[in-house]
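Some structures to go through are shown next.
Look for chain A in each of the two complexes below; its partner is chain B in the first and chain C in the second.
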Partner chain A sequence: MSGNVAAIRDLSIRFDTQQGPVYPLRNVDVDVPRGQIVGIVGESGSGKSTLALALMRLLPGNAVVTGGEVELLGKDLLKLPAEEMRGLRGTRLAMIFQDPMTSLNPVRSIGQQMLDIQYRSPASRAEKIAKAADALKRVGIPDAREQLKRYPAEFSGGMRQRICIAMSLLQKPELLIADEITTALDVTLEAQVLHLLRELRAELKGSILFISHNLGAVAEICDRVVVLYAGEVVEQGPVFEIFDRPQHPYTRALVECDPARIETTTRELPVIPGDVPNLRSIPRSCIFAARCAEVMEVCRRDRPPPTVIGKGHSARCHLLEGVES
Partner chain B sequence: MLLYALQRTGLAILICITSMVMLFSALKLIPGDPATIMLGARASAEMKARITEELGLNDPIPVQLATFFGRILQGNLGTDMWSQRPVTQIVLDNLPYTLVLIAAGLGWAALIGIPLGCYSAIRRNSFIDKFTAVISVGTISIPSFVVAIYLILFFAIELGWLPVIGAGERGDYLDQAVHLIMPAFALGLGWVGYLSRIVRASMLEVMGENHIRTARAFGLPEYRIVKSYALRIAILPTITLLAVAIGGLLSSAVFVEAIFARPGIGKLIVDAANMRNFPVVQGGVLTTVALFALAMPISDILIAWLDPRVRATL
Partner chain C sequence: MSLLSVRNLNVRYAIAGPVKAMLTGLSSRFIDAVLDVSFDVAQGTTLAIVGESGSGKSTLARAIVGLTPIASGEVRFAGKNPFADGAAGRAYHREVAMMFQDPVSSLSPRRTVQSLISEPFIVHTMREKDLASEARRLLALVGLPKDFASRYPHQLSGGQARRVGVARAIALNPKLIIADEPTAGLDVSVQGEILNLLTRLQGEFGLTYVIITHNLAVVRHVSDETAIMYMGRFVEKGRTAEVFPDPAHPYTQGLIAAQPHPDPARRRTGVVLTGEVASLRNRPPGCEFHPRCPSAQDLCRTIAPRIVTEFSGRTYLCHYPVNRPAQPARP
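Moving on, here comes the complex of A and B:
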């Protein structure tokens, strides 16, 4: 089978809060091709996690999908009955969360939790335990069978994140959503986890949605990159295009600001001036206009549509209009 | 774990010793001659002298304290002033009635209150949630003796369905159970609302935690998430609360036992106090203190056993 594991079209989401509505995602288009790792980058609050939770249909109760369509594993995600959705989770679709310290249940042992998530499998208890131990071994946890008896509090953050990864891989998912899974880890562990993800993709032939604000990690393992800014996809394309030929002023600024890319000795890190716009009232202008160094009259007036720049590469910027190749 | 258990028990013993000293000094601090208070103003001088001698009141205070402690350590709580029976025996005769009453009162409150709190948390703002919220405030604020009086007026006097007085025939368990209905209901009613509110609050907190989202992300059925993932954690504060509840229930039991004329520690203390029967008062109070002091370490150990996070820090 080829094509997309997930196809998000024109997705918009609203959160109803006590202070009024917030619009965390607007007109988002993202494709996750089968067998590829797609990176989602953006600042905190750009809607990365909201997008992930929308794909899992685990958005908080005050979230409303106001428009768009999501095709996930050949199904219309937004119209799927709740029971069928639950059937996808943990089998064909899995997610690893950001904070390993709080993502595991503190009063159930690792083994119990890994058995619990296999509840659909007809295998015997012994087989399930063997499978869980195997999964732990694969993510580099020694003495796996003994570890199954232990509780989350007895493991370090890095170990817990590996346990979460092992759990998500038990059923060989077709789409794995990894939400900032390296943020809580130190550099060494991060490198190990990235290596692990790459191995897993080769082994499982699945797709990964890799959410991160670490551009280095994204450049290292992703095939495609989607740049989110304040709830809009400002640019997306193949990974080398995004990093070598960024077209949107925000992507350019982001790539330039990555401390790992700064080659000259400097005492000050470059910054993008200004703040992320307030998502309570969305301007009709380009969402980046207030911070853009190359802002034009038209940018303050109209919101730019996505412009296709190359194969699978597009950006929302008035500067690019008419340069379509 | 063992060390922890020993520490908690040691603390309970310390509490008992402190309360024993306080009890002892209470007797000393009562104005006037204890023998006169016990016997009344018209007692003869010989009788007073005999009582004073019997109670060891002529000895120096430290000796009296030492004798008092020594006797208690041997399980001897003294002798009843009136019947001359050993107080230990009297207390042991009455204790089971109070324990059964408290267990039944707390038991039905927990059986109703905990599921109700769970349901209220999961179906927040549903009719049942709002209904229990209103009823809880009501039942928490009505003292159990008021409930007891209304129960008697309605079920015993008006309808004649349930017996009013006593604890039932000895050996006839059915009769004893029927006699237990109203006192246990009166004792536990306030706790239904209290427990349901506490469980609701801690359930709401736990259901919002990240690991619940993880469980959902793995497609676990909701009843399983509630039962094995959320309630296991949400129940922990309730266990501590129940241990504290024992203290409150012991004092409510005094009223409930007095109203229903049930034998029990509460009624024993009230009757003995009315008759200035100090050794019985002391024995009864000491037993209640010991019960309460024991409930705390038991709940602490129970929590350590149920919660691996606590266990890991021991």
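Moving on, here comes the complex of A and C:
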């Protein structure tokens, strides 16, 4: 598995809550190949963020990994001592969070925060400041040296998200996890941030796990796409396959629902009828059976295994059985 | 005939008291959140107001319903000034409803859905109504089951909370609904449900909508007219079906191009609109969009453009519009 920065196999997670157990992720398989941008798409509650937090080993205390393996940067993530895990975070592994307003400390200047996160480096203070200024310059912030003295509140949302990106890139991480980083931004800033990620990826030489519910953003920068629905990977494959030849009925419905995809103007927008299933009691059927337009007898009885459709493209759907290549 | 008519509306916020302004030497202690906005909305149609954060679109919505004082200009509803006297104002608040941005935080967490959606009747002293049956009627209209009446906001999903917001808005049979970001924060599959619901109610009751949003993909499908706002001004306005294929203002063109396409074959290579909205405290001279404009020329840096009205009714504020002859500046 040397070609993968991260390889997740059959991962299942349970949250123990006062109202009983919840199963946010079940039998998840995801590979993040070196140098690629892998998109994770799904609606709210599909388990996107739980997956990101599992990779960072930042899951809340009530989370239990009930099965599976995760190989991250050549190490067995689930068995890694806490000490060694801390060594990975911020150096070889970095994460950018959704809300640039709350992920920076409001009472410390940007420069102080960018020095703080270099605490492991043996470099001198002046060198660290130079490195921080350089990182800000790379994400397109002018007057970088001057800006280091300023506080988060003095920057706009788009600038703050750039600062977060600059901080995550200080150590050239091999895996960067970006959790809904453009959701809080306007379209014009989103376009700028996506363009920035695309530019940085060449010099980064690492991989990016790009989590988003925005299909447009995913289509724009990802190489591979993983579609999550209610805690299960229903389909994954190369980006062109997913958008041009989606195989799972959920992926198809999701792509068709996007108003940006509909060329002719319509007042009657397509929807996916029904609700996301309750993750407290998982049915033995296909997880999408209750909302699927093409549901069959077998779908309500058995959970479909992943079917390989093409190179690196697979989907969990009974309709695809027998077309196995 | 237009139901809502807004003329030269200005809304300003004080950013410092008079003493502070004098001591710090501020040139003006106000910022203009909405500047010289004029438009009409015809009965039964939908106007979409689009802009980036800080463009003044929410302030404009609040000013129209009377939640933010107007500095100058005029709002007329069905030909009358609703803020002229108390009686007209009360009638106005029955006929104009607002749907607020965040569906969950705009609902009181301590009240049931029934109490939330029957509140408008109590506010407008219509206690003689049977509130429970009114609540059931409204829930049915927005497509929620009756037993939702006894639920609390935290038991609702984002889409359901949004439906409760719609129910509250239509409770008093208003003529005009102002919806501030009706689909923000919703998943695409649910977004369609809410927009279809609004469209259905429009057909059933002849409602008029003003929709405030930053989502252009949605605007294209649901609105008759679109206005683009930048730094408090309408920089372009016209029929949606004409503005999208043929924008006149470079900002409109940039906004449309910034929209990511859910199709990997249509990836963009560059960025059309760079930079961010300038500070409202010191507006750029000339055309306020010139620091970000790809086609800005010397004229744009010194002289502010005037409103150009085309034969089709399209208006825009630009010296060098897209695919159109340059507009010479008149002294």
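Going forward, the second predicted complex is superposed on the first by the 323 of 325 C-alpha atoms of A that agree within 3 Å, B and C clash if a C-alpha of one lies under 4 Å from a C-alpha of the other, contacts with A are read in each partner's own complex, and residues count from 1 in each chain.
We take it that contacts are C-beta pairs under 8 Å (C-beta built on N, C-alpha and C of every residue); 3 or more make two chains touch, one makes a residue touch a chain.
Being a predicted model, the structure only gives us computed values, none of them experimental.
Student: After the superposition on A, what does A:T91 contact: first (chain B), second (chain C), both or neither?
Tutor: first
Student: Give one of first, second, both or neither to describe whether A:S124 is in contact with chain B, with chain C, with both, or with none.
Tutor: Touch status of A:S124: no partner.
Student: Report for A:Q18: first if it touches chain B alone, second if chain C alone, otherwise both or neither.
Tutor: In the superposed model, A:Q18 contacts neither chain B nor chain C.
Student: Is A:M56 in contact with chain B, with chain C, with both, or with neither (first, second, both, neither)?
Tutor: first
Student: Is the number of chain A residues in contact higher for chain B or for chain C?
Tutor: If we count touched residues of chain A for both partners, the winner is C.
Student: For A:E190, decide between first (touching chain B), second (touching chain C), both and neither.
Tutor: It touches chain C, and chain B stays clear.
Student: Touching A:N105, do we find chain B (first), chain C (second), both, or neither?
Tutor: A:N105 contacts chain B only, not chain C.
Student: Quick one: classify A:C164 as touching chain B (first), chain C (second), both or neither.
Tutor: A:C164 contacts chain B only, not chain C.
Student: Overlap of the chain B and chain C footprints on chain A, residue-wise?
Tutor: Common to the two interfaces on chain A: nothing.
Student: Mind pulling up the chain C residues that touch chain A in the complex?
Tutor: Touching chain A from chain C are residues 52-53, 157-158, 187-193, 195-196, 199, 214, 216-218, 220-222, 240-241, 254-255, 257-268, 270-274, 276.
Student: Where on chain A is chain B touching in the complex?
Tutor: Of all residues in chain A, those touching chain B are 56, 58, 86-91, 94-95, 97, 99, 102-109, 116-117, 119-120, 151, 153-154, 164, 167-168.
Student: Residue numbers of chain A touching chain C in their complex, please.
Tutor: Of all residues in chain A, those touching chain C are 43-44, 156-159, 186-192, 194-195, 213-222, 239-240, 243-244, 253-255, 257-262, 265-272, 275.
Student: What does chain B use to touch chain A in their complex?
Tutor: Contacts found on chain B: 209-211, 213-221, 224, 228-229, 232-233, 306-309, 312.
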